[in-house]
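Every chain is named by a letter (A, B, C and D) in the order it is written, and numbering of its residues begins at 1.
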Amino acid sequence: MRNSMRLLLASCGTLALASAASADTIRIGITQNNVGIDSYQTTYEQAFIEAADANPDVEVIVLDAGGDVARQISQMQDLIQQNVDAIIVWPTDGQALVPAVRNAHREGVPVIVTNSNIAEAGMDFIAAFSGPNNIQQGIYSAEMMCEALDGEGEIVQITGMPGYTTAIERQQGFDERLAELCPGVTQLDIQPGDWNRERAQRTMETLLTRFDNIDGVYSGDDNMGVGALNAALAAGRAEGMVFIGATNFAVGYDAMERGEYWGSVYQSPVDDARAALQTALDVLAGEDVPKLNYFDTPKITQENMHEFDRPVF
Amino acid sequence: MANLTQIPLLRWLMRNPIWGFVLIVFIFFSLSADNFFSERNLMNIVVQASTIGLIALGMTLVMINGNIDLSVGATLALAAAFAVDVQSWAAFATWGNWQILPAVCIALLVGILMGAINGFIVWKTGVDAFIVTLGAMLGIRGLVFVYTGEQSFYAMNFAYSDFSFMTIGPFPVLAVIFAVAVIAVHWLLSRTVHGRNTYAVGGNREAAVNAGIRVGPHMMINFMLIGFLAALSGVLLSTQMGAATPNLGRDYELWVITAVVLGGTKLTGGKGDIIGTLGGVLAIGILRNGMNLMQVPAFYVLVILGSILIAVLFLDKRFNRTADGGLRL
Amino acid sequence: MLLTRLKAGGPAIAKQGILVAFIVFMIAFSLMSDRFLSADNIMSVFRQSAIIGVMAIGVTIVVIGGNLDLSVGSMLSFATVLVVDLHDKIGPELAIPVMIMATLCLGAINGFLIGILRLNSLIVTLGMLSAIQGLVLIYSGGQNVDIADQSGTWFAIFGRGAIFGVATPIIIFLGLALIFHVIMTTMPFGRRVHAVGGNPTASVFSGIPRSRVVFMTYLISALCVAIAAIILGSRVMGSQNNVGQGYELQVLAAVILGGTSLLGGSGSILRTVLGVLMLAFIQNGLILMGQPYYTQWLVTWAVIIVAVWLDVAAKRGRLFSPIA
Amino acid sequence: MSDAHEPALRLKGIVKTFPGVRALDGVDFDVMPGEVHALLGENGAGKSTLMKVLAGMYQPNEGQIIIAGQPVQMTNPIEAKAQGVVLIHQELSLVPEMSAAENIYLGELPRKSFGRVDWKTLEDRSNTILKRLKCRFRAEATVAHLSIANQQMVEIARALTVDARVVVFDEPTASLTDAEKVVLFDIINDLKSQGVGIVYISHRMDEIFTLSDRITVLRDGTYRGTLTTAETNEDEVTRLMIGRSLDLSRNEAAPNFGDTMLDVRNLTCTGLFEDVSFTVRAGEIVGFYGLVGAGRTEIAEALFGLRTPTAGEVWVDGAKVEITSPRDAIALGVSLVPENRKEQGLVLQMNCRDNMTLPQVQDLTAGPFVAKGAELAIFDQYREKLAIKTPSWRQATAVLSGGNQQKIVIGKWLSMKPRVLIVDEPTRGIDVGSKSEIHQLLRELAAQGYAVIVISSEMPEVLRVSDRIVAMYHGRVMREFDISEVTEDKLVQAISGIKSEEPA
């Protein structure tokens, strides 16, 4: 018994030495929202690791919260525990992470929020935000919808997983801008598709039954948008129906090429990941970094699609 | 002398293989993961494990009763929503920091009420608890969405989230609350009449009925206790977040059941204890924390946790094989 | 014959709790939405429920055999990702058998752990739920998979095609239900599954190879998942890694709603089909009525408890449980 | 203030109905202080219902319960106990993971403040009671680790936690060996001498005539009469119970046996039985008699492929065989009617026909389907042959009486046309009428040329059906008797491990 204790203490000693030796490399921890739920996040993770590997001074610790806020908070604590130099967090929930961010701030660990922003109350405690502007994306989609329908028509909306920030913000931007820009376009119903193509397809089938006339469909991402498109194609009602998405996926890009899909918002996970890492490095280098660093997420439509590469996911 | 002390310890470990497992992973991570063996990290583990742990205490009671509760994750979310939302009710606007008090009380009452509904249905309809609470798992989650309107609630008052960072002496307050709950439920189960009746009802329901134990209300009380503990867990979780989200606690029921079963409680009822459950909770907590520290990729964590669960079940069966005397059935 | 049935316990109508509830719901919904009973809508709901339905057939057999299978959700993700990914790599004619074999292997692991080693099925399949989800992610590296040429592949027939005007998923679903109903009610294997689920000890004492029967139920469950994955992959022409997440509970809810006892030994595939359709019609009907999606969870809660309650009450001959 | 002529307990005109059934129809019953009053009746006659009414578990629809002259209402078992009425259950009603003390005081553990259990009082009191029962285990012992007999003692100890006026014993000897019965009877006599009224329910005539002062008989929920034990005999009681006399004769050895069908040589299963050798010939019934735990059931299980013998040989019909699974046994024509019909014999929620054809359902096929016609033919054949009473083959076996359930299990194995039929405790928990029918049946089977092994813990049963008797003690065969030479004394000696002076 006593022997094993001594062994433990001895090993702790050597570990402490080992971490002390690598003190001049920069250690950055990242906790992601839910890798594997969609390709965007997976590609983001790969791009992030690649970018970090390319920089010999950076060592990264990559964690995944699996969509669970509580686990993400634990991971924040674990990262603080490991004395990382900075934490990058992709919030599972913009609201619920505020105290954890505040705690890191108190512990002197700068926090960089990536992809979807943290709630207003937490803005004082973060070093910077880097990512797309989800509300702006919703606005872009509303503008495209308006343009495609010439300001008149009846549409349905398929949102992401209820209760998650990205879904809420895109819906918010879309709803507000649409009402303002095109009062002539009415939203018949809003139903969730849970970021799941099959579920979106099922929901769309029911909506097609319910409404004799649907002029347009806005989906929280292209994955669901293609599901809705599939439903409409199967029902023989896709002709003349306008499909607009967000986060352009390869399937969406292809559908656009075939002329079945009207437009989306181009958002590259590679840009997203690189921007996050760069922002973190800038913060650590003591540069004067603005609080909000939006990277560009332009509209992509059938007309301008060839200016963009086909998404890799 | 070494022999004399070792033998009871070994025998104890054979009966509680999960603690042997906890010991092994503890030593393993101490040796192989940076920063694992430090006071702060160990406290972190306890705090992190307390969310699942508090519910697991209640689940132990319910499972010893021969029932199960799948609705705890949803109850946790509902209680968290109330705890955060009630603070901002106009009625308590002038209460200052005291507005937290009625909020927490209402949240805990909501948890007890959800447990009471489950317990009452199980008692009166005689439908299996698995089915009743599977329904409630969907239904209560529905209530969460009705109540929150899909939005997250957040606490304006930072005093609420500061609570979770408080310490009592060297110990984080959340760890202390968990420890108190562990001791209280252990005491309840091993020392009180209600606790002993819990074993009786699960071990031989017929006998309990014949002995005049009012089985229905008894089970209902245990459902209310797990409702309370799930709500408490939700409240504490919401203090860590300063907010409540409608998706909080998804899949927690599966981890809670896993922890309790790892701890040696029988799904058929009548057998189990809090010491084992604590071992199960710590085992999962240490594994998650240690794998985070070792940066095991998320995809592999799923495979490892799943395999370990099955492996421990297998070992438990080897060690604690019932004396069937070699009959091949 | 009817007389003996009536005498055997309670009025026959009370024994069909699910059927009563189903009819009540269909009438209520059709009064509230004129589109509900349209041929298009009914076809559409049948088609949508095919995936859950095919899985529920397998799970019903596992449950009649006295066990649970919670791993079907992850297994569906696994099978769908595999068949879609292999479709473009080795062609559908090879992708389908390879995927079926791989899925059967997972079923065999379940069967080995539960049937042969006799580990508790709830915990084993819970562990497998997690482990298989991990496997899917490792296999795909977390990327979605898609079929490039969606219109040119004959693979489309399973999810999007129709035979004599009836959508293929419906034919597969109802056909499988009928086949397994016949197996379970008229073939020796079905009898054995009922016996093993009803009383494993007595089955062994009757010379029934209990381990092998349980093993087989998990293979059947895996086979059903594989078939559901073909429909799903063909319908969506792509797959996410977590596409089956949460399906295990929907499937289990349908099986329970169909009156299959979790204690094993009794249950019916046809009633499971009713359970599946009922859940699908609730979901569909509430959207048609313009209700927010979460009302379906509240309604499902009530329906599960009331339907099972009626079932249990009819069996014991009184509404409320006699325990004090 | 109760004088000697005031009954300790009196039931007047008790009526209890369930939906569609009149379980008790105007039953009168009383028990005097210091009296053992036996209650008799076939299964389904209403004994259990009456007991549940007594114990406060059922409320009668009509009638009165009078205790010590006062009419009372008892709405739950605790109230009944407070009134001094204690029920000792037939099936062990214990919680295995709890201590003996907790089981003795189940439902009324002594309390301290905050609902805490008063362990000291609990254990002191329990140990006192166990001492009074001459038990050699402590109250702290976990019940799961006690022997069946000791568990029964814990059950009985419950009666002594209160000043009982009336103690009801429901089949208390079902799982006791003869030696343990003696202790139980001492306790009953002890209680009796303290002025407690005893209600004693049993199927075993010998016990009832040893113990009781009066006998009350129920039939089909109605009261058939009360007899004074000293003035009656088994025949009279039986006629009251089933409306006809029973054949109580001992078996006369049948003259002509066929070839040796089963030959067991030096069979050993370490720790369970050692060096067991015997033979069974076609047309012969060999009875295995011994105490519970003597290894008889285990031998049967080994012959049926459920246990792996560590040494020895088994020959069936002149050929040496290896039986490693029930399937092997069935293929060789060895059948086992197991000891516990509810747990091992039947799938209770399955119907009668399916249960009966279960071992051969794989072979009863027409194409891929089960041949319903063939199945029904088998069922009808054995329903007729064994006189199974069931309204239809669709009836779930759960609702049949014990005797009919047992007949289904026997029919199941007869339909396999076995060469060797092993029957383990064929009449346990079965009423007198069905019992003699089953004995009759076993004799007929032997006459048709089956080789039969009957394992039983009841001496009258072994004597009635066997041609030869193998007496076992502690995993070993002590002696083998021919039915013509056996006496009860010799049998008792053999199964108690006493070596007889004259070799067999």
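As a working rule, a contact is a pair of C-beta atoms (placed from the backbone, for glycine too) under 8 Å apart; a residue touches a chain by one contact, two chains touch by 3 or more.
Remember, it's a predicted structure, so these values are computed and weren't measured experimentally.
Asks: What's the farthest chain from chain C if centres are computed as the mean of the Cα atoms?
Replies: D
Asks: Does A-B or C-D have the larger number of C-beta pairs in contact?
Replies: By number of C-beta pairs in contact, A-B is the larger.
Asks: At what distance in angstrom does the C-alpha mean of chain C lie from that of chain A?
Replies: That gives a centre separation of 33 Å.
Asks: Centroid of chain B to centroid of chain D, CA atoms only: how many Å?
Replies: Roughly 44 Å separates the two chain centres.
Asks: Indicate the residues of chain B shared as contacts by at least two other chains.
Replies: Correct list: 145, 209, 214, 298-299, 328-329.
Asks: Using the touch definition from the top, which residues of chain A touch two or more other chains?
Replies: Those would be 35-36, 162.
Asks: Multi-chain contacts only, two chains or more: what residues does chain D have there?
Replies: 76, 306, 325
Asks: Go through the chains and record each pair that touches.
Replies: After working through each pair, the chains in contact turn out to be A-B, A-C, B-C, B-D, C-D.
Asks: Residue numbers of chain C touching chain A in their complex, please.
Replies: Residues 33, 35, 38, 40-41, 44, 47-48, 51, 137, 141-144, 146, 148, 160, 232, 235-238, 240-243, 283-284, 287-288, 290, 293-294 of chain C touch chain A in their complex.
Asks: Using the touch rule from the top, collect the residues of chain C that touch chain D in their complex.
Replies: 4-5, 7-8, 186-188, 191-192, 194-195, 198-199, 201-209, 265-266, 317-318, 324
Asks: For a test of understanding, state which residues of chain D touch chain B in their complex under the given definition.
Replies: The contact residues of chain D facing chain B are 55, 57, 76-79, 81, 87, 89, 91, 93-98, 102-103, 106-109, 111, 114-117, 269, 271-272, 298, 301, 305-308, 325.
Asks: Please output the residues of chain B touching chain D within their complex, sorted ascending.
Replies: Chain B reaches chain D through residues 191-194, 196-197, 199-200, 203-204, 206-214, 270-271, 325-329.
Asks: Could you pull out which chain B residues touch chain C in their complex?
Replies: These residues of chain B touch chain C: 121, 123-128, 130-132, 134-143, 145-146, 205, 209, 214-216, 254, 257-258, 261, 267, 298-310, 313-314, 317, 328-329.
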